[in-house]
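First comes the structure, then the notes that go with it.
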Amino acid sequence: MTRRQKIANSIDDGILGIVVVVVIILYLVNLTLETVPSFKVHEEVFKSLEIGFTIVFIVELIVRLAVYERPFKYLFSFFGVIDFLSILPSLIGANSLVLRVLRLFRIFKLFRSRRMVRAIDEIKATIWDIRSDLLLFGFVVLILLYLSAVGIYIFEHEAQPNKFSSIPASMWWAVATLTTVGYGDVYPITLGGRVFTAFVTLLGIGIIAIPTSLVTNALSKAKKRARKQYVT
Amino acid sequence: MTRRQKIANSIDDGILGIVVVVVIILYLVNLTLETVPSFKVHEEVFKSLEIGFTIVFIVELIVRLAVYERPFKYLFSFFGVIDFLSILPSLIGANSLVLRVLRLFRIFKLFRSRRMVRAIDEIKATIWDIRSDLLLFGFVVLILLYLSAVGIYIFEHEAQPNKFSSIPASMWWAVATLTTVGYGDVYPITLGGRVFTAFVTLLGIGIIAIPTSLVTNALSKAKKRARKQYVT
Amino acid sequence: MTRRQKIANSIDDGILGIVVVVVIILYLVNLTLETVPSFKVHEEVFKSLEIGFTIVFIVELIVRLAVYERPFKYLFSFFGVIDFLSILPSLIGANSLVLRVLRLFRIFKLFRSRRMVRAIDEIKATIWDIRSDLLLFGFVVLILLYLSAVGIYIFEHEAQPNKFSSIPASMWWAVATLTTVGYGDVYPITLGGRVFTAFVTLLGIGIIAIPTSLVTNALSKAKKRARKQYVT
Amino acid sequence: MTRRQKIANSIDDGILGIVVVVVIILYLVNLTLETVPSFKVHEEVFKSLEIGFTIVFIVELIVRLAVYERPFKYLFSFFGVIDFLSILPSLIGANSLVLRVLRLFRIFKLFRSRRMVRAIDEIKATIWDIRSDLLLFGFVVLILLYLSAVGIYIFEHEAQPNKFSSIPASMWWAVATLTTVGYGDVYPITLGGRVFTAFVTLLGIGIIAIPTSLVTNALSKAKKRARKQYVT
């Protein structure tokens, strides 16, 4: 194995890769603590650390491009684009909020560990298997959200014109209710609205049972397939 | 294929069908935005658009009846009735809220796409398979809701006569609690009421597990059946 | 078939049985509406109806005891005891709240319909199959509730001495949180309490997944068994 | 069987073991009621009882060490360490809150009953089977929580600088929302924040479906394995 290959292996699965993962986590911690108001006095420290982390990311990308046999293939791969986007803001000297959010995509690099690859593949195969069912399900949920919003708007608009001011505003209630989060900032007060809510939430529980069932069945198939594959 | 058949195919699965789906979505967007208070100044625009959409729906229905071999069969089918009902209010010149809601049923026409038919058939077969279990389940949930309402009424009526004024009023609490939405507008404050709530919610979680189990099992059977069918 | 047997059959599955079910439902509706404050003026009507329903129940019990071959076996069966208890308050002239609640057990008589028996048997076999798992699960949930209450009490007692006044009081928070109802009347405000809540709720979701899994597996077995039985 | 072995058996599964379990439960009840403010006047009683219970625990540990063939193996086992830790605070005369919490671990001794061992083994085998999946799932949930917190911070920080003051503060919202508890102390009010919440909660429901599916599949396998084992 040439030196170049050794570094390539190390940055993907060896000691260099672990260093990068640690830097990503420290970078995220830095980004997170920077927003705490009581830490505002140490702003200089956070900024300096961020510059340091960015330098590490730049060095990482340069090393990767140098040691890989096909650097351009990497640059246009999923992780290559993430690497590039997370460095970009620093390169062009911009530091807007939107650009900094791009760097958050680095979080997905944490999934590169070979140990997780098998589990991820299983989940991916599972989801791929039921893509048309999930699409239909998402579609049904959207329609249910919309019809719930229209229904509650009809029942509650007159009684609570501020909270259920329009159908889009009622959508917020529909989301909080059908997901059973129920913040309690908006809720029906009329008899009709409450009966409608009872009907919608009970239906909603039944519908929420469907993705669990779909995933359970598909996962069962994916596991069987995986076992066969590893046996053969 | 005659010209008539070509149009019939096109309106069901081809380019004409896509046009109709787009018009339905635009119609719903129009209906939704019309209710936003800050858009009230553009009311004229919304009304004009609605008339435009309705004309498209009328034309669609006429075309369907003209090209189908058995127009009356269509008119009395599920989608035919929806088509008719959504045009009716405009025909008789009425524009009340109730009649306009009828038009919302157009939303179900979005499900006509052939791609979704297989997934829908699977779900339908699944639900049909466990219809007696689901009926029993719905019945158990209704009784649980009722008994919960009676219980909390007994415990909380004296302490909170406004919130738990009657058994029907307590039903609202039972719905919000057993579905785990928990808006927080009504909740027990007495010791007895809270112990009762603990008992009811824990039972409720167990009961909510049942439809997921039923659907999972039935779906597994439906998938096997479907695979056999497509193989043979 | 003798006349006696005919009546016995009719009261169990025939026309007489349906009459009894209808009377039970009317009785429950009467009981429910009686509690609505705005209906208080019609109290006389509700009382009269209740007397009428009770007479039907008494007649029903007498008929059952007269036509059954082994009346005493029925009297000491589950439904016989319910029949007796729901008549008792009227017989001894008492009308306290507790005694009237006994009558609610009549609701379970609605399950006698032969159509539901097969579905109920399936569910019963399923639950019986996993009784030791369910017991363990209930035990784990109780311990989790208790440990959550102790934990939140330690973190929040000083910050919110009124809401988290004692461990039993904190149990109320634990119930509302672990069942994901989240009324919002009590919630942690300290950093420690919130981190603890995050830990407990995420664990709770995992634990709530367990009964669904147990029921799904047991139901799958019960369904297979049922199929075999009906084939042979 | 020698007398020593008889006592060892009795303390593990016989009458002595039951006595210890009862004392543990009484000890927990004592600990719980002691925190109730209205019981503060009886503080002396609670303290005395606690001393009594601790003496029982000390005697139990001494007996165990005396009758077991390999006392040191027990002392360093899971239950031995719990026994020791729960006695420690009394031995060194300290009575701090943290040390007393250690005693709560005694609760796990309730699981020693032989009846529960089989069910526990099943659950343990199930969880062990899917340890890598559960790890991945936990990791995905953590990332989802973090990204949700960052997202809502971006949308809501300006509108509600007090409630969404920093990313760590927004984590609290993310926990309450993704677990669908929804206390209602913090919720988005901007359009962007609400649309983001809709997206996040719907994704969250899908993700919560995954552990149920994993556990269902693994449990199915574990049950099959167990059946084989008990047959052979």
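When the chains are written out, they are named A, B, C and D in that same order, and each has its own residue count from 1.
The working rule: a contact is a pair of C-beta atoms (placed from the backbone, for glycine too) under 8 Å apart; a residue touches a chain by one contact, two chains touch by 3 or more.
Here the structure is a predicted model, which is why all the values come from computation and not from measurement.
Looking at the partners of chain B and chain D together, the chains they share are A, C. Using mean Cα coordinates as chain centres, the one most removed from chain D is B. Where chain A touches chain B, the two copies mostly use different residue numbers: shared numbers make up under half of all numbers in play.
A turn of 90° superposes the CA atoms of chain A on those of chain D, with the angle given to the nearest 5. In this assembly, the C-alpha centroid of chain C lies 29 Å from the C-alpha centroid of chain D. Chain A and chain C have Cα centroids lying 41 Å from one another. The set of chain B residues touching two or more other chains comprises 180-184, 212, 216, 220. Per the touch definition, chain D reaches chain A in the complex via residues 132-133, 135-136, 139, 143, 146-147, 150, 153-154, 165-169, 177, 180-184, 187, 194, 197-198, 201-202, 204-206, 209-210, 212-214, 216-217, 220. Of all the residues in chain C, the ones that touch chain B in their complex are 28, 31-33, 35-37, 97, 101, 104, 107-108, 110-111, 115-116, 118-120, 122-123, 138, 141, 145, 171-172, 175-176, 179-185, 208, 211-212, 215-216, 219-220, 223.
Contacts from chain D toward chain B in the complex involve residues 180-184, 212, 216.
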